[in-house]
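First chain A sits with chain B, and in the next complex the same chain sits with chain C.
The block that comes next holds the complex of A and B.
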């Protein structure tokens, strides 16, 4: 079995299995814990509405915090949106998703995808620099932060190289790209990339509790 | 240490208002005598003891973005990265991942997270007590919506039981549990004061009525330092012709069980008020101008009681706001410009942000809001028990300068708030900085401006 077949075959199956099992394990590990009942007299209804309110409101910081977060916001949004567009609007990705689910949608032209990819990588490198150079971020950072950065950036760079056919045989480049993404799948449930899911839980939990108290959201 | 080293280990600080030794970098207090391993074990058990789903979600969600730093007055004043709010939880995040999280087994087997040590917890004593008021402004900045203040409260549970609380806070908590008041306002002192205040001010202050529709609580800061609050409360409730009382078996609203981190003591202190209110058959418990007392009883009281409370709980500013709005309280217009300092636990974390503004509107003042107001207000720096801790003074004063600028920028003639702990912090800082702004009590302004029918 050559590298590409390995990447498309057993490696894909195993990485997806670990992704699904890891997600299920971590999420149930959290969600099966007991939720403490709140007997206090509510000021307003909290629940789903409060959760949704905070999930939406924290997409952007309060005016007081915008100035201090400009770089985080700009770079963060650029690479998150970039990643989203690359993953879901690059033709080979759509074909891959179609092969798994049968669903498909229109793609973005390759030239635009390359541009988005390059900008996203630039944003990720700027974020890495910022993480290393800002005393607060440097103090907070651990292996999880740097490895999650590495695997995300590597996935985009290997994808760009494969799509541009630069540096090695196309099949080898493609295999390396797929294996990198599979490494990301495997890592996702264990590290901070899990915020893809927990962001809704943590914002939702605080939103529901705070809305009930009529507290600031 | 040889005597020659003294200038290196403890340099003199000659800037500022007092000349003294520079604050030692590490100075942790310990209570009790137990082996280090036992301290850590007890700390971690008590950290996860009350750990529900929400706390676990928070522990799993931090992305280490550091955006909470800019929200914290202690960080903003010092730019010390250690004061980044979420960093204050670091040993507990470490312990959670190693001992309690969904992948704890992996972390333990492969040694991904080291066990927490007593020296680490001692270092974190300063971060969890001296430099955190649990004001929750960081919660407002967190893009993941993590309520960092609630996690600090849980970390304090761990620190208390491991005997790692700053002595000042521990001592007042012990007093509160054993004597009924952290500052010596024992039932006898309280009764004597009320009697003396009633005589001196020619006002009727009902005490220990067997039955009443309304029961009032006071904070020991008011009883001991601002007794005019007791008189003001009586004047207003008498003016409204309410059937009310103080009770000597349940009057202390402060809760140093909560602030120091002893959940059982927190419950004991809350239950005194709850039992007194039930015994009186009260429909309403009015909490005084005290921030954490509001959080402790309004939002946590019923949960410690284990079921819904058979009476309503309101902060005095909510009570006043309601009675101004329904026209029962008519007030003389003051005709001044006023800025209002929102107590964090009442406003940001308690939701009673509009009520004091309704009262101020009733007082006919021109309200000049601060640049960051309401739920986003900067903390005075003295909450969460910080004002009791001597070694925290220098950082607290530094952070208070943010508040001073906020107030000055409004250009308002008068500064008002509705928390006696904030008032204490303002008074102390006002003296420290020789500042010309005095913080006035909203309650007392109302009492001073009642229009008698």
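The block that comes next holds the complex of A and C.
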């Protein structure tokens, strides 16, 4: 069995199984946690509304905080949106998702995807530099942050190399790209990349709690 | 199919071939092998002085598709090669002799040109332990190959079966089929895969060996780089549509009729190294993708066992759904267990309130 067939076959099956196991473990564990007892009278109703409101309001900082964080936010948005477009609008990726779920949708031209990929990688490197050069961020960062950055960036870079046929034979590059993504699948539930599935859950829970207490959201 | 001691020049003179016609032939040959046109006179001189090369062609577990294909070669034609360049001393399908006479011709050629003949093999070979699965004149394919390989200057494994085991070696490989290179370790082996290989690629490789007296530059799978150096996808005329993100969804939709990329329909062009998109087939008429069907990847090892021909390359082999379901069930159980433990600790801390 060659590397590409290993990546497309057994490695894919095992990485997906670990991803599903990890997601089920983490999400079930979180959702079945008992909420802290709250003996106070609710000051406002509409926990769901509060959750939705906070999910939206925290998409951008309050005006007084924008000045200090606008570059971080812009770079974060660039690579998150870029990643979303690459994952969900590059035809080979759509076909992969279709093979998993049966769902498909129109794709973007490859040239646009490659451009988005290059911009996303640039944004990721800028964010890494900022993380290393800012003392407070450096102090707060641990292995999880750096490895999550590495595996995400590696997935995009190997994809770009495979698409451009640069550095090795195409089937080798493709196999390396698939294996990198599979490493990401395996890491995702156990590190900070889990925020892919929990970001709105946790923000919504906080919003609902705030709403109950009548706090400004 | 004898007389291999004559030079090519003598053979040509006998047939009344002019020097001009021979130079033209050499130019075509040089072009096929991607050599500069200036090489043609030197090739002509070398070939004219060369003795016609003794060639023994052994066919084992195969379908005769490779022979069918080589007879369609247009530059050089198989007739050109047989009459001018080589002495084809043994070939099941093309020789007039049969039975004992045919086998004697092979044995005679092997003795007369010991160490000098070129051995061409098409078809895979049952391994030593299962040699009884395929025999010719009472001799197993395995024994015939090993005996013929001893006196060969080089071996050309023609077709995916000889080069990589091909369809006979596909899972579950009932005959224990092997490729030539799996069995012969002490002779140079040139792999010319394809199911079948492109006619001019086969004759071009033979002409290269005859002209230069050495093997062409080979890739890591023993294939001549000049013909197997680039993927079908790299040289495909539909490539611009791939870049534009325009893909045929079915074989008869508007996209297919407009010549859009066949990636979504399972084309294996991106991982297949061959010259189909450049030399094409039937005297440069077209190649499978041009006829509307995706590349099957037939010149790659194990192409028969790489999943459906119609499954997109990026779709992956997902295996059993039950594995994923089991992973999900175990994950839920572990997560629920963790949450219960947390609740229990919480209850102890708060005294159950």
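Keep this in mind: the second predicted complex is superposed on the first by the 215 of 217 C-alpha atoms of A that agree within 3 Å, B and C clash if a C-alpha of one lies under 4 Å from a C-alpha of the other, contacts with A are read in each partner's own complex, and residues count from 1 in each chain.
FYI, a contact is a pair of C-beta atoms (placed from the backbone, for glycine too) under 8 Å apart; a residue touches a chain by one contact, two chains touch by 3 or more.
In this text the structure is predicted, and so the values were computed from the model without any measurement.
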Checklist line | Contacts of A:98 with chain B and chain C, given as first, second, both or neither | finding: second
Next item on the list: Could you say whether A:58 touches chain B, chain C, both of them, or neither, answering first, second, both or neither?
Entry: first
Notebook entry, point to check: What is the contact status of A:26 with respect to chain B (first) and chain C (second): first, second, both, or neither?
Noted result: both
Check: In the superposed arrangement, does A:171 touch chain B (first), chain C (second), both or neither?
Finding: second
Next item on the list: In the overlay, answer first, second, both or neither for which of chain B and chain C A:34 touches.
Entry: both
Check: Once the two structures are fitted together, what part of chain A is touched by chain B and by chain C alike?
Finding: 25-26, 28-31, 33-34, 37
Next item on the list: Enumerate the contact residues on chain B facing chain A in the complex.
Entry: 51-54, 56-58, 60-67, 69-71, 75, 79, 81-82, 84, 86-87, 101-103, 106, 139-147, 298-303, 305-309, 312-313, 347-353, 372, 374-376
Next item on the list: Flag every residue of chain A that touches chain C in the complex, lowest number first.
Entry: 2, 4-5, 8-10, 12-13, 16-18, 20-34, 37, 91-93, 95-96, 98-100, 107-113, 165, 170-171, 174, 178
Margin query: Looking at the complex, which residues from chain C come into contact with chain A?
Written below: 231, 233-234, 242-245, 247, 263-264, 270-271, 301-302, 306-307, 311-319, 323-324, 326-332, 334-336, 338-340, 342-343, 346, 350, 353
Note to self: Quick check: in the complex, which residue numbers of chain A touch chain B?
What the structure shows: 25-26, 28-31, 33-41, 43-44, 54-55, 58, 61-62, 64-65, 68-69, 72, 134-142, 144-145, 190, 192, 194-195, 198-199, 201-207, 209-210, 213-216
